[in-house]
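As structure tokens, the structure follows; a few thoughts come after it.
A, B, C and D label the chains in the order they appear, each numbered from 1.
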């Protein structure tokens, strides 16, 4: 099986409402991440913090293809995914504040956002660790004859892990409804893909397991969305797992500790020229679909959402210390 | 990179001496394994015992391509490899008797044959566990500018393990001198390859890592030998790791506990028609290269070797119980 | 399986586990068994023999050799509403799945602030004594018992082999069940009406007044055998079967030690960092002033298990060693 | 790094480890460093920063994310005549390499009847307290100390961070070095002439007569701080730094307990099955009749470490908790 090569960039115009929706989603992520960086510097957020700037088109485009019934498994760089999936910004921020109003009660922090309502299964900080989990969720769906998709995000770095291999084989062997989304931002911390993989065409590698695989421009939200829709449709049609490599770039450091010794400023600047938000804005503008007023409205709306989220987090409360050992084991029996 | 497909069966005649040598090697393995089975029934050998009947052409053909300086990493089904590599039959059998004259002092048993003199690094009973080790041995050679080959044997079952994936990628990425030999006997215990792998062309899978890979008829000792020579030559020429899939079959049960519920007698019988020893004998005979006298001489020689091995094992002694906790840590400092 | 008088019947530990699986699969369609060679091969210890024919390959699911992958898939399937029984052939291979067990199963409930519990059951064969050498002979149950978020069971009797599995399946959290492979052929009585059993409490398997032996799994029977022998010398040994290694039911063994004033822990783990150390420490903390002598441990010698029979036997706790140690302990400060 | 008077200079724990690596690489061309982001990134805790420039990418070798693969490759390279230092970013990720460490490195010498030793050094960051939550905060050093065939070191001081690595590299067997990540920024004195140190013995870091606190790694400094505070109340605490967790030097702490008659073990592992349990059990066995009171343990609460600062602090052993516990122990039965 050869990979479906770069699903071609849709030149066709997008509906205005949908265009605004996609743009708004990406802006929400960007502004949210900016706020997190600021709050980290202000020591309101602690621990590890991994931001998603530059990669917004991936989460936004892919999650468009899911329904409320589907499941999402993400990594430690998952604020954007949680936001777009429908977890309240306030609950996410409160989590990073360590408040019990946080989406994981303050026990998880930035890397471990969870939300049962939206079937958001974390927030996994073990590289590659989410993949077997996604396989299992999809297995459960198959065995229960539920036609749902489990969407699993992971980085280029995860591809080297044994768990990647075992998971892709299992999913392909059992034809499970998993949408594997590789966020290939060219680096795993400071290790460039060429130092990590003998064969750097990740979609081709995935195809070797006998599953349909495509690579797409991860800086183009419409291209990502189209490819994700196609893949999700194939899964729902019973064609088994699908693999989507989204070629993207992270604009910020790996985490707040990273001195970025491994790449040049020039390289980062070059990629910033391809900012998914700026380029999509231009495209919408070029097609006469958005006005400056629209953009201002989006920014204002997002700013309000984020301000409210900050207020929510600030107003949050701490879980009583007496409850320390809760949630190690369940407090009730199961049905 | 696409796999070099089935290196074609050599129809060219083999030199008489070499033909006899290959035949003798295969017969040594077959008779040795038969003796082990007998001794197991007689409860002289205990624990797990995995025999190699039917697969002799693989070990014999591949090991022809190695020099004394090269290294071998094998599995728990490794009597044949050890024998052909030059570990004394007596030392192997004494090992299974649990005698201190055994090649691992009786501490390893059938699954853990080791021999420093022939650079035989085990005898690993964790499926896939030997692959990272082989990568490391080859890395050491590369860093020390030693032009040696590390030859790593493993089964079709190991291909599903994460360690397979991590090892192949590392070897390809660092262009290490590893000869990966997959003994594809179609089953991992009772699990047929098609129930274990979504994509059952293992050489093709290996090629996806960016290394040269070939599949060869593992029942044809000359074909295996030719392919191994070619692969070893490529490694010595600095072309990086090579992968050889040897398509073979095991005539006996997986181990002495196996009720063989998962395959039919008919299937086994069919494969026995392709016995590597019988077919090679016929070929030599057809080319007028061996006589009945030669065959009798080989059998007599092998019988003598095995009888002596049994006598050696029987005469072996037990390590004193007081030494129980030796070899947990080294007894001397290093140079 | 042979039926004996009244409402008891005799069956092997292996049959008990198989019955427990069968029964669970009949009762609850969410239950399925997954692991290497559980189906077509009939199970590496023949535990699941016949189940493929009864339930089909969807629910008796052979997996590739991919311990992390299929264990993680079991965890995910549990999250997704199923009740998987994952079989890892032996505890030794669980080292390949340690990431999924410890980094995922054990922490999801906590990291999600209580939202996602993981009702997976993982069965593993354990123990030495079969001459299968270092890589196949470890007893890692005590080691896994260090990890918060999982429960660790070690059924010793046929009744527990049958009953604990069902209770484990009803547990909302990940449960590891270590089955000592030396027990599979052991026959024992089971009530025809036998049902689920608790997994919260240790049990006194024999009453005695002179010393308490605390053990579990296959070692339990060595302790009981030693107690028989010692009884002939007038030494009355109380034997406690831990049953559940995490969380530990310390109340039961502390109460026993308070009665006998002496304790010996017999544990197939290596001595340093063994579960036996934890038991000793708990007695130190909870029954120090009851003790007439220091708590002793009889564990596996600190060596990877050798293949040679005489060395392996010397490495593992044995009845004779228990007898000798108890005599010394009771005689020394009687 | 700043030079102070005489033959002492001050440097951080991080610098000490870096110097130890540099020195080893200069002394012995068989030594190399391998792990995720040790090179181009500069090391995830900046330990190896600058070494790539000095030694090049062959010897400061960035690896893909493949813990089992590259740890196994380190083991193989050691077999092949090299002296690899494998860096696993944190102990948590060693769960992905547990198979290679335990099923291979720990048993090869034994299974081969003494033929093949494995001189690999594996460095791992460990410890909680940095609000990085459950999957990044474990202290697994005590847990690994259960495994025969490996040695486990836990350097606490700058001097040990420098000296133990070199000794570990000279050791013929696999050595795991757990570096508590909270220590990397700690400054401490080092003799200009400082060389290798032993890895066989525990050390008394403070003399005292009333009670012995046994600890290691970052907790050692909490113990020492508590001892300072307690001294003001006239309680003289002896503090023992274990340094090497496997094999344990019990002679040193037993001798101390024989003098003080009381002991507290402070250990960042979870309590059940902790190294602290082993220490308690050893004291039970080796100094029972010296004890005036039961040995106590202060460990991490049995919960995956929470992100929220106040909960994480409550979960970990702290100075105030040590002080309170010692006061109770010494006061209670003085």
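Observations, loosely collected:
Just so we're on the same page, contacts are C-beta pairs under 8 Å (C-beta built on N, C-alpha and C of every residue); 3 or more make two chains touch, one makes a residue touch a chain.
As the structure is a prediction and not an experimental result, all values here were calculated from the model.
In terms of C-beta pairs in contact, the better-connected of the chain pairs B-D and B-C is B-D. Look at the CA centroids: the one farthest from the centroid of subunit C belongs to A. Rounded to a whole number, the gap between the C-alpha centres of subunit B and subunit D is 41 angstrom. Averaged Cα coordinates give subunit A a centre that lies 36 Å from the centre of subunit D. Averaging Cα coordinates per chain places subunit A and subunit B 46 Å apart. Contacts with at least two other chains are made by residues 104, 106-108, 112, 124, 126, 129, 160-163, 165-166, 169, 173, 195-197, 327-328 of subunit B. Within subunit D, the positions touching two or more other chains are listed as 64, 66, 68-69, 92, 96, 99, 103, 110-111, 133-135, 148-149, 302-304, 306. By the touch rule above, subunit A contacts subunit D in their complex via residues 46-48, 95, 98-99, 104, 106-109, 111-112, 124-129, 157-158, 160-163, 188-192, 195-197, 257-259, 261-262, 318-319, 321, 324-325, 327-328. Residues 1, 160-166, 169, 172-173, 195-199, 204-205, 208-211 of subunit B are the ones that touch subunit A when the two sit in their complex.
Of all residues in subunit A, those touching subunit C in their complex are 71, 100, 102-108, 112, 114-116, 121-124, 126, 129, 131-141, 143-144, 162-163, 165-167, 169-170, 173, 326-334.
Across the interface of their complex, subunit B is touched by residues 32, 58-59, 63-64, 66, 68-82, 84, 99-100, 103-104, 108-117, 119, 148-149, 151, 170-173 of subunit D. Subunit C contributes residues 68, 92, 95-96, 98-99, 102-103, 106-107, 110-111, 133-135, 142-143, 145-149, 246-248, 269-270, 272-278, 280-281, 283-285, 288, 291, 293-297, 302-304, 306 to its touches with subunit D in the complex.
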